[in-house]
Amino acid sequence: MDLKEAVRQYVKHGCHLSIGGFTINRNPMAAVYEIIRQKIKDIHLYAHSNGQGVDELVGAGCISCLEIAYGGSGKFASTCIRFKKAVQEKKIKIEDYSNYQMSLRFLAGSMGIAFLPTRSSLGSDIINRWGFSREFRQENPRLPDQKLIVMENPFENWCDTKKIVLVPAIIPDVTIIHVQKADVRGNCRIEGLTFADVEQAKAAKNLIVTCEEVVDENYLKSDPDRNQIPFLHASAVIHIPHGAYPCACYGYYDYDPIFLKDYAKAAGDDIQYHKYIQESILNNSTHDDFLDYIGKDRLKLIAADKDYGYAKNLVR
Amino acid sequence: MGYTLKEMMAIAAAREIQNSDVVFCGTGISMLAAMAAKNINAPESTIFFETGAIDSKLEDLPLAVSDSRIMYQASSNGGLLDSFAFMQNRFTGKHVVGILGAAQIDIYGNLNSTVIGDYNAPDVRFSGSGGACDVASFVSKTIIFMKLEKRKFKLKLDYLTSPGYLDGPDGREKAGLPEGGPYRVITDMGVMGFDGDSKKMFLKGYYPGISSGKILENMEFNIDISRAEKMDAPTPGELTLLREKCDPQGLIL
Amino acid sequence: MDLKEAVRQYVKHGCHLSIGGFTINRNPMAAVYEIIRQKIKDIHLYAHSNGQGVDELVGAGCISCLEIAYGGSGKFASTCIRFKKAVQEKKIKIEDYSNYQMSLRFLAGSMGIAFLPTRSSLGSDIINRWGFSREFRQENPRLPDQKLIVMENPFENWCDTKKIVLVPAIIPDVTIIHVQKADVRGNCRIEGLTFADVEQAKAAKNLIVTCEEVVDENYLKSDPDRNQIPFLHASAVIHIPHGAYPCACYGYYDYDPIFLKDYAKAAGDDIQYHKYIQESILNNSTHDDFLDYIGKDRLKLIAADKDYGYAKNLVR
Amino acid sequence: MGYTLKEMMAIAAAREIQNSDVVFCGTGISMLAAMAAKNINAPESTIFFETGAIDSKLEDLPLAVSDSRIMYQASSNGGLLDSFAFMQNRFTGKHVVGILGAAQIDIYGNLNSTVIGDYNAPDVRFSGSGGACDVASFVSKTIIFMKLEKRKFKLKLDYLTSPGYLDGPDGREKAGLPEGGPYRVITDMGVMGFDGDSKKMFLKGYYPGISSGKILENMEFNIDISRAEKMDAPTPGELTLLREKCDPQGLIL
């Protein structure tokens, strides 16, 4: 199955989607661009701090609802620009949680449990203000009836705890992650930080994995301690070198500061941004074409030093 | 030796870090402050990221908390769940000093990093909590970076993203939060602390060339300035280490 | 700090203790034997399926209360023999949970949260029958007021779930684990399955780590993805080669079938068992002495084939 | 070709496994059955352990579910939390077939592996649940190994460790459990199934040389025997693979 087919089969209009990665690292960008090319709309997106992927999906008009903790791309956009614009212009509905809460919500989904508890956000507006009203929630059977629940500790002050926040599980129709190594069956090895990818992957009904390398099954089996996602979760595995570009992929390449600065500039202006989408995304029919358009020289600049996992001398 | 206000801020924050601290840091100046502490006054302190890296070596300045530079030679690379559990954990969480930024702050150190205006129809949308609300909920001490402006030091926040002392001395307890709370606010004019009894912000120190009065002019609410002292300028030694060891490419400074 | 000192400092009479490992693998046996030598009594022990370690502590009379999911040592004792005897003779108080529930309880402790939810055990006697009565729990401030709580799903049937079991967090005074590699600061690398060691370690107030090898900090830092426990959790790190013997330690040695069969035989008879304790444990003042008493030839038999992680041709 | 009852049991269980199944197995004969399925009739089935190993290669027979032999060339080595979450997960859990044993079973396939007698003053103490209660709670199908004896097939359990259908067709739903439940009971005389409507145990097949009547004699409760058929003896091919590939050292057989 190639990426076009995987996106066509699993990422439907109106579906509930989650994408892996964090701000400008290991976002599944090849898949994000393919979703934009296929003009899939009305997506309900779950993220924690996935900056670049979220901003491009929002910018291209694919997203109608967004549950998120953070929309930022590090130094390149302390608040993601198209995200900011879309919320201010009320083009998307948004529900705010914290990073831990979103991570727990994916964990709950992966565990097959309805909610998980935390002490985070007590006393804050994350509890008091709801982006999705009770009515909206009631009309939508794919949403829990409440954003979150504050509960008295039923184990009488156990752990010196009086109150607990319960956050509801997320079960996406499909999660897309980009990993360093996978085998054809779908065993995955993530190198470096896993962010919440493992929980997002295991929570979903369908999992699309894009990877830098498709490796032999025996290669992964020779070191099972390092394989975080067993094949039984995966619906599709697709080999996409530089599949996280322009985000970084630890051990393979760095983020591309030129691209991200240019993106931030274009994102600030509607006409420029539409030109960016047309020329960078729509005019290139595959990620390979997109990479050719960017140019081999740029990819050389961000190639990771093997000893460091990033481009040691990259001008940023 | 001349210095910028950004340098003063980074050094002022670094001076608050102890060797036994585990420093939670975000992007930008907070990352620089953590690196400065480690390189200048608290070499045994541990740098820690919400993305799951503990004790990163940081040969190069990261430009995001997900930057591959934080993964290089950490003591442990986990995930988000590991890092937040580390802070919610009663034994390890108490060693964590969180460094945060925000768009607005009030007198009890509550922070807004979500919206200006109505939540459901905001005038300005910011990034949102990220891990800030979690850190502010869990850990024993937070240090907050803020530019001193009237629109930022607010009588009332437009949205309370990250809990400080909420509405006063027993605010956190009433809400069900663990102990802890804001410890310092590092601004571009001076440094604030929080009163042990009232939990209200007070002026602790002002930078060379700045007056207490000027600081009050830039805040919507009044704070006690009776305890304020003039702070030491960064030493040449501090500045050299900051510039040459922490940010030689001038990415943040 | 040596093992004697670490046990003296952290494992007190009446303390709440948890030990790592699973049935006959990676139990911290050197520490277990040291606890027996120091005749520490009245321990409240938390385990999931830690067979050999639990049975020896129970057999030596160190344990007064036990919260556990499973007392067995694989084929060598489908029910641990001294454990069975102690429960039948009412020498210890016992509270039964499932393996997942005990694992969740350690996870809750490690997360700093008062409880975690699961759908396991609904309708079973794990819910209906309590080993520790409400009165006993009320008298003991170190115990939660309830064994567990069955609750209606507060998110109206979210995840097709009507009822949920909440299990309370465990916060041991001290957890002891045996790992393959640690550095002097306490960063730990477990090879092979981690069981629930990581959660047990992070839940505890104090953590004693025994290890096969003390490695250089830079060795562990060169591959941080594989280090499950950062140093900040550890109170003491002690180098004890063969520290899990007679249990297995993946990559280093197998379990010792001769020892475990002899143990099962001795455990069936009170006089034989007291003789075993005297001669094998008490007469040897350290784990090294105990290993000398067992003999180098026996250790050779169980040495792991490096390609397999266990003793490929071991006669079992 | 002669065969033992243990061999018959292992093969009878193995025949119930499909290629798409993920087989949760414990120690002893259940491990042997899983290995037999993989070597004989379901080479694509996946072997899975509660300790956290998925898709273990199993070159050598493990003597415990923590045996290092299960860690060798698995697809993934995790921990207990990973394996139980895999089973509680609605998508992956439905692929899992749990193989369990117990000290007592009742007509609804509920299991006791905890005590004989009073829980607080037991005549006999067994190992306890381990992961059995979790598996029985979560997964869509369980296969249960039991020696056929009156003291084991009980009208009423002394302790209900692992839920089967509880008290009847809507027992699991009333209790709040997910769908699923017992699928087969493999004994040393024959194999039982559970009726789709009543959820009561019925005799599905008896081994060569055994009669339905003899099976009923060894149970405290009565079951429907009208659907019972004589089962095929293990074939020479099955026996050869079982003996030579699964347990050449005769550790369990």
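General remarks:
The letters A, B, C and D name the chains in turn, as written, and every chain counts its residues from 1.
Methods note: contacts are C-beta pairs under 8 Å (C-beta built on N, C-alpha and C of every residue); 3 or more make two chains touch, one makes a residue touch a chain.
Note that the structure is a prediction, hence the values are computed from the model and not measured.
By number of C-beta pairs in contact, A-B leads over the other of A-B and B-C.
In whole angstrom, the spacing between the mean C-alpha positions of subunit A and subunit C is 38. Separation between the centroids of subunit A and subunit B, computed from CA atoms only, is 27 Å.
Centre-to-centre separation of subunit B and subunit D, using mean CA positions: 56 Å.
The mean-CA centres of subunit B and subunit C are about 40 angstrom from one another, to the nearest whole unit. For subunit A, residues touching at least two other chains, in rising order: 112-113, 118-119, 159, 161, 164, 171, 192, 225. Multi-chain contact residues of subunit B (touching two or more other chains) are listed as 53, 71, 77-78, 88, 90, 138.
Taken as a contact graph, the chains fit none of the simple arrangements: neither line, ring, star nor complete graph. Under the contact rule defined at the top, the touching pairs of chains are A-B, A-C, A-D, B-C, C-D.
Across the interface of their complex, subunit B is touched by residues 110-113, 171, 185, 187, 202, 204-205, 218, 220-222, 224-225, 227-233 of subunit C. Residues 21-26, 48-49, 51, 68-76, 78-80, 83-84, 87-88, 90, 96-101, 103-104, 107, 118-126, 128-129, 131, 150, 159-164, 192-199, 248, 250-251, 254-255, 257, 304, 308-310, 312, 316 of subunit A touch subunit B in their complex.
On subunit D, the positions that touch subunit C within their shared complex are 27-28, 50-53, 59-60, 62-72, 77-81, 84, 88, 90, 114, 119-134, 137-138, 159-163, 166, 171-172, 174-178, 249, 251-252. Against subunit C, in their complex, subunit B makes its touches with residues 22, 46, 53-55, 57, 71, 73-78, 85-86, 88-93, 95, 138.
Those residues of subunit A that touch subunit C in the shared complex are 112-119, 144-146, 149, 151, 153-156, 158-159, 161, 164, 166, 168-169, 171, 191-192, 225-226.
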